[in-house]
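Note that the chains take the letters A, B, C, D and E in the order they are written out, and that residue 1 is the start of every chain.
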Amino acid sequence: MARRLRREWLPLGLFLALALVPVLAPLGPQSFILSLMTRIVVVALAALSLDLLIGKGGLVSFGHAACLGIGAYAVGILSAEGVTDGGAHLAVAIAAAAFFALATGAVAMRTDGVHFIMITLAFGQMLYFLATALSAYGGDDGITLPGRSTVLGRDVLASDTVLYLAALGALLAAYLLLRRIAASRFGRVLEGARDNPVRMEAIGFRPFRFRLAAYLISAMIAAVAGVLLANQTGFVSPATMAWQRSGELIFIVVLGGLGSLHGAILGAIAFILAEELLSHWSEHWRIVFGPLLILAVLFARGGLAGLLTKGARP
Amino acid sequence: QDKIKVGLILTLSGPAAALGQQARAAFEMALKDLGGKLGGREVELVVADDELKPDVAVTKVKGLIDRDKVDVVVGPTFSNILGAIAKPVTDAKVFLISPNAGPSPLAGKGCSPFFFATSYQNDQVHQVSGKVAQSRGYKTLYLLAPNYQAGKDAIAGVKRDYKGQIVEESYVPLNTLDFQSELAKIAAAKPDAVFTFMPGGMGVNLIKQYKQAGLADRIPLLSSFTVDESTLPAQGDAALGMFAGSNWAPDLDNPQNKAFVAAYVAQQKAVPATYAFQAYDAALLLDGALKATGGKTDDKEALRAAFLKADFTSLRGAFKFSRNGFPVQDFYLTKVGKRPDGKLETQIVEKVFSDYVDSYLPECSIK
Amino acid sequence: MSSTLLLIQILNGLQFGVILFLIAAGLTLVFGVMDFINLAHGVQYMVGAYLTAAFAAATGSFWLGLALALPAALLIGLALELLVFRHLYERSHLDQVLATFGVIIFLGEAVRMVWGSAPIGVEMPEALSGSIEIAPGLLYPVWRLVIIAAGLGVGIGLYLTVHHTRIGMLMRAGASNAPMVSALGVDIRLLFTLVFGFGAMLAGFAGAMVAPILSVEPGMGDGILILAFVVIVIGGIGSIRGAFVAALLIGLVDTLGRFLAPMLLRLLLDPAAASQTGRALAPMLVYILMAVTLFVRPAGLFPARR
Amino acid sequence: MTALLRVEGLSKSYGALRVTDGLSLSVEPGELHAVIGPNGAGKTTLIHQISGMTPPDAGRILFAGEDVTGRSMAGRALAGLARSFQITSILPRFSALQNVALAVQARSGSSFRFLSPVDGEAALTGPARDLLARFGLAERAEMPAGALSHGEKRQLELAIALATAPKLLLLDEPLAGTSHAESARIVEILRGLTGSVAILLVEHDMEAVFALADRVSVLVYGRVIATGAPEAIRSNPEVRAAYLGEEAA
Amino acid sequence: MSAPLLEIEALEASYGPAQVLFGIGFSVGAGEVVALLGRNGMGKTTTIRSIMGLHRDCRGRIAFDGRVVLGSPPFRIGQAGIGYVPEGRQVFPTLTVEENLVATAAIRAGRDRWRLPEVYALFPRLAERRRNLGTQLSGGEQQMLAVGRALMTNPKLLILDEATEGLAPLVRAEIWAVLRRLRAEGQSILVVDKNVDILTELADRHVVIEKGRVVWTGTSAELRTSPEVKDRHLHI
């Protein structure tokens, strides 16, 4: 137990700290803190889902923001059409993301390495341009949501605290689920296919199926993040799906520490907080932020998670 | 009385930062010219950068309102950011003053008593070109815009007053570098005039290439947001003689404006564009309104009434607000020319609309 | 539609392709041949354009500006290699992505701090600013032809260097197994440093050459970077010939697609729907092209012999 | 009784090079059939084709009475065709144990199980541990496979192939890179398998080939130039000239 | 007698926390052929990679040609005159056979025994496949290429780590013949191979390693007459 605690202190600490946010927020500018933290948690959720692909599957998707966008647009379009029920939003978002993942995954999985990066970028961009062409829903100016998603007809998410807790709950659930998956038979095969697909085929696994399944799971989780993001922002636009957004998610995953899952959460916190604090400090914050990233790569092997747990690994 | 807090949110970093930079410089200049006070109260300015990302912008304005407790928000630069922050700001019953973006939803169905623009409703600027094309009797017009919402709005705006023949409605992808093929089409179509809306770097590319292709001397170019003082330094002499629609120009003849332009040029080593002037006016608007309320911001009704009166001397001359918070003002056709100091600027050719009211006003339900 | 117009558009497509190739050339070297993902290629291109603008303004001559900008770009490339890149060769592609993203952020901001956010312009050399008649009734800007020549020159030079010199062999060998090259007595570090410096210079050269026709502004390298990657991937990573063909292909598809798609669609749909669909499709064309290419040939058109 | 594996008229060319040239060959159940031949004769390519990694240009591959020519590599593996690689192909980041356990997993039930931890499955790690012990790698079980020495990796390679419980083993130079002591152990293990598992063995270690093989085929330029009992092959002058030289004398 | 060409003293090496070499010491004299023997995983390759400067995590003293080389970058060690045939071939996959041979070829200190024609004469199979890429070779062909590539650097000391792995008996015999010839020409060689019998003919001296320590050194004659060494350390 003690050993386990030693190994697990980082994820435990992370979630504890996140759980304390609503308690501590009223001491400061509450709505701002909650808004910022909700964004962090949502981005962490998206990054977490991407870590399954990159860290475990070796599949660097450069179009992951598209899934985020699908979630957001599910809320945007349904709300614009008068459907405000959160359950409906989630269902549509997840179904649409699953469809997108199956359709594009079947093609993308034919390639690997850099080609996979580029083909996912291509699909992400197609979706992005599709969204900009949706004149009925604001085109690339996007649409403002009339309000947040309702739950069973009640407006519970209108409270920033409730929205934050919902996001945190989703993050925790996804984290536990993905941890199980990573340690399961399925996860083992996925990792094996990352390291040596030919060997995997030679012992009787078809990497394609496992990768596609991982892609599907990841896309659906990202779509949930998209639903939450739309609710947090109160606004949906193609900017959510821009390739820079996909890039940012990759950076967060790598920065946090590939394949460790909690690293993705850590990465999201570090990335967004650094951005927020630095940009508050100076408009030229990027002149510091860039070198910070470089230093992080050069000196923190295994990302932030690796840096923090270096001593604790048995 | 303690200080009044103003939150300024603009796109200050990334590729599209030039406009926001102008706006900030001008706003700060205005504060200085007003002796560091608005309506007699000391001012504390909190500047935020929206990074041109809607969700970042939302967090930032929440920070301004909640953490910094600003009394009023001025910004942003771009329409899509305005779309994202308008609701959170006005829902918090904080006044939002846009120094540039003026999207149609906020003028019509989505209008808010807490929103004012010192700029214009976007369509109006494009309408200038349509009206000019019509009144000059151009028989054929070639329309060129980037393929995104603002581009579509621009083309819709031009078509409203132009009744001649549109030979082509051409949309190019956003961030197009090379207009060679468009120019070939234009040369082949031989229209009486071209209208384009090509903001930022795209406009620079288009204008340079338009000139290089030898079209500049043959086919007049009407535009909006394509040749202005933010792009002219890059476009150089290639832009000479190009037309644009505007609610203002640096050479607009009134004493305040002359002083403003001279001071801006001295300080920034560049000629101000509308983004600068509108931000300057935003500060003047605040000053005027706060003077009227005696510096108080608690009584929202009174403050709104004070804003609506627009009791200040705008750099553009007299103007009023409609009840949707958009100005009723004159619009001009401008043309790129050289200043005595050799710098380029847009210069007024003629007044096209007087006291022009935007066409979305009827949809606004505010009394 | 006249056939001359079609002809001109084909020509435009090809020349746009050559521009793309010119911009992608440095990346072909560093990413294609050396297998190093350098996201900073785009900002190096931008820096080249800015340096040319600055030096040209200071000296009053484009050519002097170019002559000064190239060594400056080379120096910046060498400095970056020494400080950042050289620690990343043995790292994963993702680490390279992250670190070079840091370089983008840094250089992008540095450029903004030095030159401001507003676009700036570069005057084209007077002698080459006109147009010539390349066929009866067909005027073409001379500078475009200069760019085409530069693109072809860079392409041929690169091809010969990479495939027909010992330096090229060592580069390719080092990309796949640097320690082994070193153990056989070659200072591969030094070679890598030079290659990266040269790659930066090529990027800068591209920036300089297009500066007179494009706006020099922050962010000018961002979109281009993606397009350059698309070029290399469609062409087949590691193949210079492939990159060239892919660049031309993209130039053609992009130009002609925008030109022809609405017309073709008009045969199927009513005009409003056709232009609507055409507009939605146009920006996707390049990406559709890439997806289709990779679907049919997962390793690109000319998979390098690796 | 039918052959377990029958290859008929197999051909494969790379450009002008005919690597496999109308090759026919069979492996009987329980038999150890050795294939020898000069470097570049096409032995590895033959194994690639039988295992499904390289599609042949022409010819048929029948396994356990079924035509498997069009089947995927994974499909063939599941049907009982296992192979080792000449150039070691393992999962370097996995432990030696996990490498083998994964191969056991491939043949024991669906791998689309998402929730239960795989490391806890004794049904996988048990047999894997046994196999490692047989190869003398028990001490190395928890080490990342990438950190094993070359010879140890070669043995792991073999253990992985065995772990799939195949009907037919395609072994591509299993003794290369192993020292004398390890070679002897591997030969013992292979001898223990004969009778129950059929083996197609490609090997340049003649001592081992002649000690183990029931039949030997000699491949030269993609063609079988001789097939027969070890003794007959050893004394075949053509084989000596093309391949063996004086060493086997 | 002059100082040995290669001298190794008290060499220790680790992979992270795990130490695998514990004070290896031996030398190779000019014109001498030394065999490094030991079972799998005993540290032969680690020793060689340490000599080449490819394994950095090591301590002790390594001198080549009178100069300390431990700590120098690999290319300096290669340039000093060591030709290296690595374990597992490591031919350059994206280069053709000929390019593999030419890319790192060098004529050092006037030694030009090996040029393309000589290598092709040694391995005619390589000449046939000269336009093929490294990856498109059979395992044995790759092995020939690795040997040829090392020879093309015209080294003072040739180090072969399992250079006959995967070679057909005829070719193996050919390589042994070449090594014998080279030995006669005065070439120094350090060789790791599993064919102890042949090595006892070829090598002057043998160094047996077990678990990272030198457990026996001696001449070929001594090895032939020491069945207990073969039995205990090499299991022959």
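We take it that a residue touches a chain if its C-beta (ideal position, glycine included) is under 8 Å from a C-beta of that chain, and two chains touch if they have at least 3 such contacts.
Model, not experiment: these values are computed from the prediction.
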item: Partner chains shared by chain A and chain D (touch criterion as defined above); value: none
item: Chain B to chain D, fewest steps along touching chains; value: 2
item: Most distant chain from chain A, judged by the mean position of its C-alpha atoms; value: E
item: Chain B and chain C: spacing of chain centres that average the CA atoms, whole Å; value: 34
item: Intercentroid distance (Cα basis), chain D paired with chain C, Å; value: 47
item: Inter-centroid spacing, chain E versus chain A (mean Cα positions, whole Å); value: 51
item: Centroid distance [mean C-alpha coordinates] between chain E and chain C, Å; value: 45
item: Residues of chain B engaged with two or more neighbouring chains; value: 13, 147, 174
item: Where chain C touches two or more other chains at once, by residue number; value: 109, 112, 222, 279, 283
item: Chains that touch, pairwise; value: A-B, A-C, A-D, B-C, C-E, D-E
item: Residue numbers on chain E that touch chain C, as the complex places them; value: 52-54, 73-75, 77-79, 83-84, 86, 90, 92-95, 99-100, 102-104, 106, 108, 133, 135, 149-150, 153
item: Touching residues on chain A, where the partner in the complex is chain B; value: 28-33, 35-36, 39, 132, 135, 138-145, 229, 232-235, 237, 239-240, 276, 279-280, 283, 285-286
item: Chain E partner contacts - residues on chain D that touch it in the complex; value: 14, 37-41, 43-44, 86-88, 147-152, 154-155, 173, 176-184, 204, 206, 242-248
item: Chain A residues within the chain C interface of the complex; value: 54, 60, 107, 110-115, 118-119, 121-123, 125-126, 129-130, 132-133, 243-244, 247, 250-251, 254-255, 258, 284, 286-287, 289-294, 296-298
item: Touching residues (chain side chain C, partner chain A) in the complex; value: 37, 84, 87-88, 91, 93-95, 97-99, 101-110, 112-113, 222, 226, 229-230, 233, 237, 276, 279-280, 283-284, 287-288, 290-291, 294-295, 298-300
